[in-house]
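Before I ask anything, let me first share the structure, which is written out below as C-alpha cells.
Letters are used for the chains, namely A, B, C and D, taken in the order the chains are written, and counting of residues starts over at 1 for each.
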C-alpha cells in the first residue's frame, strides 16, 4: 500500500497548475488533470481500478512543497482575523485524551484570541468548510467535483504536537488526506463489517480495533487515501504539529442510494401498469403469515413467499432508471460549488458582460446576442435537463453559493419547444455553436432561449459581447 | 351473471341467524356462516373462485324480507332523532341532475326536520358509518371483517323515486349492494383501465362509459356484487324509493399495498447486508444516464441497466415478508370494529366480570384467576403478536371504538418470557386452555400474563369467574 | 359557618323538582329555583351577599335523601359497565398515603373489574365529566350554568372508608361539595396569599397549612361550599365510604380575566386614535431607563414614569368594554352544555318537528313557518349576538356536545338587515312573538331568518308546527 | 420648511469626518457629531425641538460633494459585479407608469447585465440593505444608531431621467433623503389621518392626496427630511437621473410600542398582587353587557364601566417600566449593526489581539489580562444588562452580522456576583477602569469576568495586550 515517489515525478506547483488548467478547453479534462496531480504518481486508471473503494494507499513524496498554495496555517489565521467564523458552524475545537473524545466549542463567534489559546492548550482545530473562506480550496473542489460526479468537500485539521484530536472512527466518504505542513502519524484499520450496521461513525476504543493494516507518518507533500468504512486515527508526534486538508467525495453515492430513489417509483409504476400488483391478498393470509406464524409449517407460506418473489423480480421491469438518475443529479447539482470563472470566462459571461455604470450613466447595455453569436455551457456539468413528471426543468450550479445549500436548488422550466436546443447545447460541449444552429422553430425562440441561459450564467460566448 | 333463487333456498331471518351464531364456538366459523347468508345461494367457494375481484354478479331472491333487520328507514329516522348526526361527517345530501353531481350538506348538525326536507326535494341521503349508530350493522360488520381479513365498512343510501344520487363512478373496494327496501335500477360497466391510473373515483359522463355489462333492477332482498374498478350507477324508478346498504372490504389490501411496506424495508436490509448495494456508482454515470442522455446509444447504458436489474432481483432475498405482513396486520387491527359480545362472552370477560357496586359496597372483587382457570382469546383475530424491530407487541381490537380510528392503535409490549405463552394462546383458539398449561417460567408469570390479557378484554374464561 | 337545617325546610326530591321546573316559562327562573334547592335553606340573596367568593359554609341537613337522584354508586357502576370510560380521560385512580399523593391510572379503557379492584385496595376514584354519562347531571349543570353566567362543571369522587384520595390543595373554582352517600370529614383552611402567586394548585404538606377554619363531617344530604383559593382536604372515617359530587363554576371568570381580553384591544384602539400613543420615545431613553439604570437618580426617569402613567390612565378611554364582554361570552357559549329539552320543547323545536319516516315514506315535511307562527329562543342564554370587528355573528349552545369542547364553537354570520330582529327575539324572551312582529324589511326576510334559527335549534314555536 | 445654506457652512468631506471621529473618545459624542454633519446647518437641538416627528424640512446646500463618499453609482456597479445580489432580497426593480406601480424582479441572482438593462428600459433600482455591501454605509449607520437609540437603516434608490419608481405613499419611519448624484423632484403631502388606520403603506392615487406642502428639487448634496406618515413622491426630471440614499430610523419606537411590552406585564402583576383584579365578575353581567345590550339603559352598565375604569387606572401602579424598556432594548440590540472598529480599537480588542499563527507556530497567546489592565466597553451602547424574570443577561451587539438578524440575539447570563461589576463598567464609559476596580468578591472573579467580556468583543483595553 505504500508508494515511494522519486522526486523527479513530482508535478508543478498548484498555482501554476491552476493557471495551466484555464487554458484547457474542457472542464472534464481539467478535472482529470487536477485529480492526476492530487494522486500522482499513481496513474488515475490504476487508482480507480485497484484502490478506489477497495483499500488505503499512502503516497510518500519527500517533496514538502507539493501541495503548497492549497491551504496554510497563515490562511487559517487570516480567516480567523477577517471572516465571521462561528464555533460549531465553521470551526470545531476538539481533543482526545486518555481515550476520551471531547468537543470544546464555546457558543458564538470564533476569535483568533480564543482559538489560538485553545490550540496552545493542546486542542485540535477543525475548519469545517474552508471552501467558503479560501478561494483556492473553492476552485480545487469545484474542479474535482466534475471528476467524481459527486460533491467534493473538505475539512482542514490543525493539530498541536504530541496530541490527537479524534478517537479512532470511520467515515462515510472516500477520503484523501493531504498533508500541508508538519507531520502526522496515521494508522488505518480494516472495516468492522458487523458494527457498520449499528454504530456508524461511532468512536471506537483502542482495544476494539485490532492491528492497523497501514501505519505511516505523513509529511508535508504526502498523501493518504482510504475508502469509507475503514477505521483510522491520526496523532501528532512530539516534535511537530500537523496541518492537513481532507478532501472527500462519494457521500451517499452508492447503488443503494440510487435505489432509494428508484425502487419506490418502480413500485408505483408497477401498481399502475400491472394488474398482478393490484390483485387482492389471499383472504386468509393473516392466519399463516406474520411473525406469530413464522414457525408454522404451512404450505400456503411457501406459495405466499413465492408470489412475493415473483412480484419483486418483476419490479425491475418498471424501474424508471433515467428518472431516478435525474433525481440524484438534481441533488448533486444542488450540492455543487459554483464554478470559479477564469478572466476570459468572466468577460464572456453574464457577470462580466460590458453593461456597467460609468461616467454618470449606463454603458454597454446595447451588446446583443445574435444568431451569429457562438455559445456553449460554462462547464460540462454546470447544467442538466431533468424531467419532473410532466414538465422538464433545467437545473444548474452557476447561481449556487460557496456556502453549502445556502441557496435553494436553482432551476427553471424549459418549454417543450426548447428542450432539443438545450440538449444540443449540453451535448455540444466543449464546442461553441452558433445560436443559429440551435434546433428551435424560429429565430425568436433561438434568441430568447440563449438570452435566458446567458442571463442565468449557464452559457458564455466565444468572444465577449 | 344473474342467479335466480328459488324461494326455498332462502335462509333464516338475520335476527335468528345472529342468535344461532352465538352458539358457534369459533369466530372464523361464524364469519363464514354469516358470509354464506350474505351471498346465498352462491356457494362461498364458487364465489371466491369465479366472481370475487373478477366480475359483477346479481342475486335475485324474490324474498323481500331476506335482509330484514339489518337496517331500515325506521332506524334511519330513529338515528336522526336520537343521535348527534353531523352533515359531512355522518351524513351526505347529494343529487345528480342533468349530468351534474352536487353535494348539499349545510354546516353543523343534521336534524330530521331538515334532512327529510332535503329528501322530499329529491336529494339522496348517504349515511357514512351506520355501524356507529346501529348495533346490528356493527355486529354484522365485526363478524364479516374476520371473513375478509380486512376492514369491513358500510354506507347506507336512501334515494327518492325517480332520482339518482351519484354520477357514474368506480370505487376502490369490493362492494356488496344489499337492497333493503324499495327498488333500484343498477347498471355496471367494465373498468376503463387507462383512466384508472389518472382519474381514480372521478365522476364519468354518460357518453364516456359505453354499454353496461349488467343492467338489473334490485328489489328488497336482492344482492348485487361488483369488484373495485367497475363503473356503476344506480337510479330509482318512478314508482319506488330505494334503501340499500353497501357492505365493502379490501380497501388497500392488494399485493401492491403489502409491497409498499415490504420493499423499502427490503432495500434497507440489502444495503446493510450486501456489499453490492453499498458499492459506489460509476464515476461518470451522470454523463450517459438520465433523461437528457436517454437517446444515447452508449454501451455503458446497457451495463448500467443490467446492474440495476441484478440488484433489484436480489432485493427479494432480503425481503422481511413476515414483518411486512405484521405492519399490514397492525393497520388492520386498528381499523377493526371491536367485537360485539354475546351474553355468555360478556359474563366471562372483564367487562362483565362480577366485580360491581351493590348495596353500598363493592362485591365480587375476590374473583381470582388461578392456574386451573381455563381461558381463550375472545375472537380468532382479536389480538396479534407483532415484532417492531427489537420488541414484540401485542396489538388487539377489543378496546377499539365503533367510530373509525377514534382510539389510537391499542397495544402493549410483551416481555420476551411471555411471547411463547401468548402465541400458544392465539394458536389454541378456539380451544380453552388452563392457565397452568401456558409455557411460562413460573406460576407467577402465568397468572400475571393472564390477568393482563383478561383486564384488557383480550381473553375470556370458560366459566364466569 | 355552620347552618343547622330543621327537617321541615328540606325541599322536594330532585326528580320532582326537575319535573316542576319544566313548567316554568323562563330558563333564568328555572336556574334560580334549582340553585335555591342546591343551597337551601340559605337564601340565595344572602348567600351571594355574604358567602360567595368570601368564605366557606357548611349546610347540615340530616336528610340523607336530599340530593337523591343526582348521582349514585349504582350509576357509577352502570357507567363503567355500559360506557367507554378511559383512564386519565374520564376517570382517575388516586391515593394519598403517608403524605404522598399518587395517580394509578393504567393506560386505556377502564373496566369495572379493574376499577373496583383499585377501589377495594384503598384507592379513590374521580369521574371527571359525569355529565357526559349521566343525563341528570347534564340536566342539572345545563340549568345551573345560566345561574352563574359561567360554565358549571362537575367531578364525582368515590372514596373507601379510612382513606384520603388527595393531598391538601386549593382550586381555581367556586366549589359546592354535595354529599351523596356515606360521609366524609372535611377541613378547610384560609388561603395562603403569598403562595397563590407561584404555586397554584400545588399539593401542600400538612405542616404548612396551619389550623382549619372549618372542620366538619358531611353526611348524605349535606353541602359544603368554599371559594377558590381556600385550601381543603377530605378524608373518610373508618366506618364509611363516601360518594360526593363537586359542582363548580367561575373558572377564569374574574375582572382580570375580562381585562385580558379588554386591555390589548384598548391599546390597539388608543394607538390608532390618539396621537400621543404614536409619538416617538425620547431619543436617549435607553441611557436612563431599564434595569441597569434603575438606581439612577435622574430627573428624566420621573418624567418618563409620569408620561407612562398618563398614557396608561388614558387607556381606559379607549376600552371596548362591550366587545371584550362579547369575547368572554363567546368562550362561555362554547363551554356551555347544550340544553336538555323537555318533551314540550322537543315537540316544538327542530329535533322533534313532525318531519319523519313512516310507513315507507316521509311525512310531516309540509309543516311551515308562517308569519303567524309564534316563536322564542329556547333558553335565555342559548344564543348571543356578538360583533367580530366588522361582521356580527350569532353564537349558540344548542348544537354543543355533552363532551367538553368536542364541537367547535357554533355560530353563523347574521346579515345586517337581520340583527335587529335577532336582538328583538333575544330581548323578548321568555315571551313568544309572531314572526310577523320581527323588525325585518320584508316577509321573505322574516320567514327565512326564522327558518334559519329554527333549523339550528335556537328557537322553538309556541305550538308544535 | 426650506433652509438655504451658504456655502461656507458646508462641512468636511465624509472621509475626513469619519477619520476625525476615530479620535473622539466617546461613541455617543461621535454619533452626535455625525448627525450634525447629516443635517447641517440646522442645529441638532433646533431640529429635534421643531422638526423631528413634526414636519418635513428641505436643506439646499449648492454643494454637490457634501455627501461624497457615502455611496455612488460606481459602488452600486461594483456591488453588482463582486457580490451575490439577489432580486427581491437585496434589490428591487420597480416602475410607476400611468398611475400603475409594478415590481419587475425576476427570480434568482441579480447580474449587472440584466440589472442595467432594466435601468435602461426606465426602471428604478432599490438596493435594500447597502450596509451589507458598503463598509461606509455600515460605518455611518452603526454610528447613527447610537444617536437615535433605535435601529438606523438605509435603502439606495437609482432612478432614470424622466421616470418615477414608486406611487405616492407614506412610510412608518423617520426619513432622511440624502441626494448623492443627479437630482430629483420631491413632493410631500400632509398625512391623512383617517386612512392611516386602515391602509398603512398603501399606494395612493394622485387625485386623493391633495396639494403638496413641500415641492422641491433635490440636487446632489441636498437633504430632505420628513416624518413617518407624511405622503411623498419623488420623480426624475427629463434632464437627469437620480441617486439617493434614504437613511431611516424610529420604526416601532413609539410610546405605544413600549406599551405593547408593558401593559400585558402590568396586568399579570396586578392580577397577582391586587385582589380586586381577582374578584369574580357580577353573576348577571352577560345580561346587560355586550354588544347586544349596548343600547340598554341599565344602571348596572354604568357601574360596570366605572369598575373597569377603576381597575384600568390602577394598572399603572403595577407597570414594570424598567423591565419593559429592557425588552425593547433587547430587540434594539438585536437589530443593531455591529460596530466598525478603528485600527486602535481593533488592536486593543479580541479580534486584533496578538494571538496569531506566525513562522510555523502560535505566537502572542501569552498576553494576559491582569488586575492592572485598564478596560472599557467598546461603545456606549454595545452591551446592556437586562433582567429576564429571575436571571440577568448581558445582551450585546459586537457579534451581530451586517446582514439584518442573520445571527440570533447575542447574550449570556451574568452571575449575581458579577452584575455590579458589569453595571460599573457600563456606567464608567467612556473612561477606562482597572480590572482591580471592578466591584467583585475576588481577584479570580474580576479576571474571569473581564476575560469573558473581552473574548466576546464587548470590551477593549486601553493599551494593546
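Everything below uses one rule, namely that a residue touches a chain if its C-beta (ideal position, glycine included) is under 8 Å from a C-beta of that chain, and two chains touch if they have at least 3 such contacts.
Just so it is clear, the structure is predicted and the values come from calculations on it, not from any experiment.
When chain centres are set by their Cα atoms, the one at the greatest distance from subunit B is D.
In terms of their C-alpha centroids, the spacing between subunit B and subunit C amounts to 42 Å.
Remark: subunit B and subunit D have CA centroids separated by 64 Å (rounded to whole angstrom). The centroid of the Cα atoms in subunit A and the matching centroid in subunit B are 50 Å apart. In subunit C, no residue touches two or more other chains.
The chain pairs satisfying the stated touch condition come to A-B, A-D, B-C, C-D.
Considering their complex, residues 73-74, 76-77, 81, 84, 106-109, 111-117, 119-120, 181-182, 241, 350-353, 355-358, 360-362, 364-365, 399, 401, 410, 412, 454-457 of subunit D touch subunit A. Subunit C contributes residues 48, 52-53, 147-150, 174, 196-197, 250, 253-260, 262-264, 266-267, 270-273, 276-281, 283-287, 289-294, 304-305, 307-309, 311-313, 315-316, 319, 321-323, 325-326, 328-329, 332, 380-381, 384-387, 392, 423, 426-427 to its touches with subunit D in the complex.
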